[in-house]
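Contents: one structure, followed by commentary.
Labels A, B, C and D are assigned to the chains in the order they are written; within every chain, residues are numbered from 1.
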Amino acid sequence: MLPTRTLLDSITTKARLGTDVLAPATDALAECEKAVLVCATGMLASDDADRMREAARADLDCHDVVGATLRLLLREGGGGTRLLAAQLEACAIACERSNELCRAHAGRHEHCRLCTQATTRAIDACHGVREALRP
Amino acid sequence: MLPTRTLLDSITTKARLGTDVLAPATDALAECEKAVLVCATGMLASDDADRMREAARADLDCHDVVGATLRLLLREGGGGTRLLAAQLEACAIACERSNELCRAHAGRHEHCRLCTQATTRAIDACHGVREALRP
Amino acid sequence: MLPTRTLLDSITTKARLGTDVLAPATDALAECEKAVLVCATGMLASDDADRMREAARADLDCHDVVGATLRLLLREGGGGTRLLAAQLEACAIACERSNELCRAHAGRHEHCRLCTQATTRAIDACHGVREALRP
Amino acid sequence: MLPTRTLLDSITTKARLGTDVLAPATDALAECEKAVLVCATGMLASDDADRMREAARADLDCHDVVGATLRLLLREGGGGTRLLAAQLEACAIACERSNELCRAHAGRHEHCRLCTQATTRAIDACHGVREALRP
């Protein structure tokens, strides 16, 4: 696998955020984007799908919001500080929501346990990039 | 074409937001999602692409952010008030940025002029839904 | 709402496919992208969600495939005839699958009935554009 | 990082395709989805953007098509053999096109060189999964 850092180093020369900030953050968001989709699929296929509907919907919302945030960051986070800060804030909230709802099922479902790990890392990544955006 | 209202009325029974709020807002965002992508394509193909790079990138960012927001709304805006409010805020900022950058080219490029119309309506839609979310 | 035709006319000068082919096709795909997402949401929230899981998953697959196809078309269908033909083929299959699975629930669920209408139109649109691509 | 295999093993029990097929394929597509977006951003920001417009547009098309294919696979490749085979075919074509166009710029642009590596792996992944789908 290509390290994200190598990839971003091949283009980022004038970006506001350095590759040392962007690379781990995009990795965390990419992992999260994948984990919440797999987890939603697992929940909807499960025998007790019925009581995990809200969590599945939160995962699908989270997948979309994380995906959009990730694409902003991969375009070098060049899209204006204000937009990036607001989108990272929405992304952290989407991850917190999935995290909270999946945590309730983590004892019974391994995919929910893995999903809470991924959303936890994504929340940290969002806060880390927001911190780095501060002047 | 199926009116969005008819479509949303076929499912929304328990949603926080009524169809009269959701339907026009999703229409405005869907139009904007399309207009910014077409406009970015037009700018990148144009003879003076060089001076519209920032606007094209802003349009691509806007496309992604509007798309994620639209999908939250189409899932009935059920995903928690806090998430929806934050995503709508990011969406309004993304649209404002495209609007401002395309406005500078609207005299020379019809697609930029149409794009500023679409982003203006999307900004209003974001504010309208945020207003409706207030308790 | 901005007519898609006006939007596409503002950029398409050298496209292989004329606006009279692209505009109605993108409208049909945009409607379908929306209808399958709303329908999946409706099925997963329904009392008899359990027996509609396969249809809901088919709708989510369809949403993703239609969305990608739509974005190719909005970028003027400029991406090479071979790619466009293959993606339209996949798109038609995704729509046929949703159509078939939702049809089984159309008597009980209005959103499934509307969804089958939208996928029917999208299938026709895919075939229409493929036809127009032939030399 | 969570290995994709661990994630997919947490849900795939009845999938047509085993995790040993799905996990490396989704990793290759996820890498490609990222690489083509970064490469397009690099090309559009470059001094010689003008002669790479077609390659940039091919990368954006590729990003969308790979993304949709990836999401089908992450939903366990459960969406019907016919759909999956057709979408993998379109995906391979999209990757071949990016590969061919970026190869021409790989000597001057490191991001184009990395992109051709990623699309090459994605093409192999598409063919591998198609092979595994055969009865």
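Simple rule for what comes next: a contact is a pair of C-beta atoms (placed from the backbone, for glycine too) under 8 Å apart; a residue touches a chain by one contact, two chains touch by 3 or more.
The structure displayed is predicted, hence computed values, not measured ones.
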item: Copies subunit B and subunit C touch via same or different residues, half shared test; value: same
item: Computed distance of Cα centres, subunit B from subunit A, in Å; value: 22
item: Subunit A-subunit C separation of Cα centroids, rounded to whole Å; value: 28
item: Per-residue multi-chain contacts in subunit B, two or more chains; value: 41, 45, 57, 60, 71, 75
item: Chain contact graph, described as a line, ring, star, complete graph or other shape; value: complete
item: Residues of subunit A defined as touching subunit C within the complex; value: 41, 44-45, 49-50, 53, 56-57, 60
item: Subunit C residues touching subunit B - in the complex, by the definition given at the top; value: 1-2, 4, 6-8, 10-11, 14, 26-27, 30-31, 34-35, 37-39, 41-42, 45, 71, 74-76, 109-111, 114, 117-118
item: Of subunit B, residues touching subunit A in the complex; value: 57-58, 60-61, 64-65, 67-68, 71-72, 75, 78-80, 82-83, 86-87, 89-90, 93-94, 97
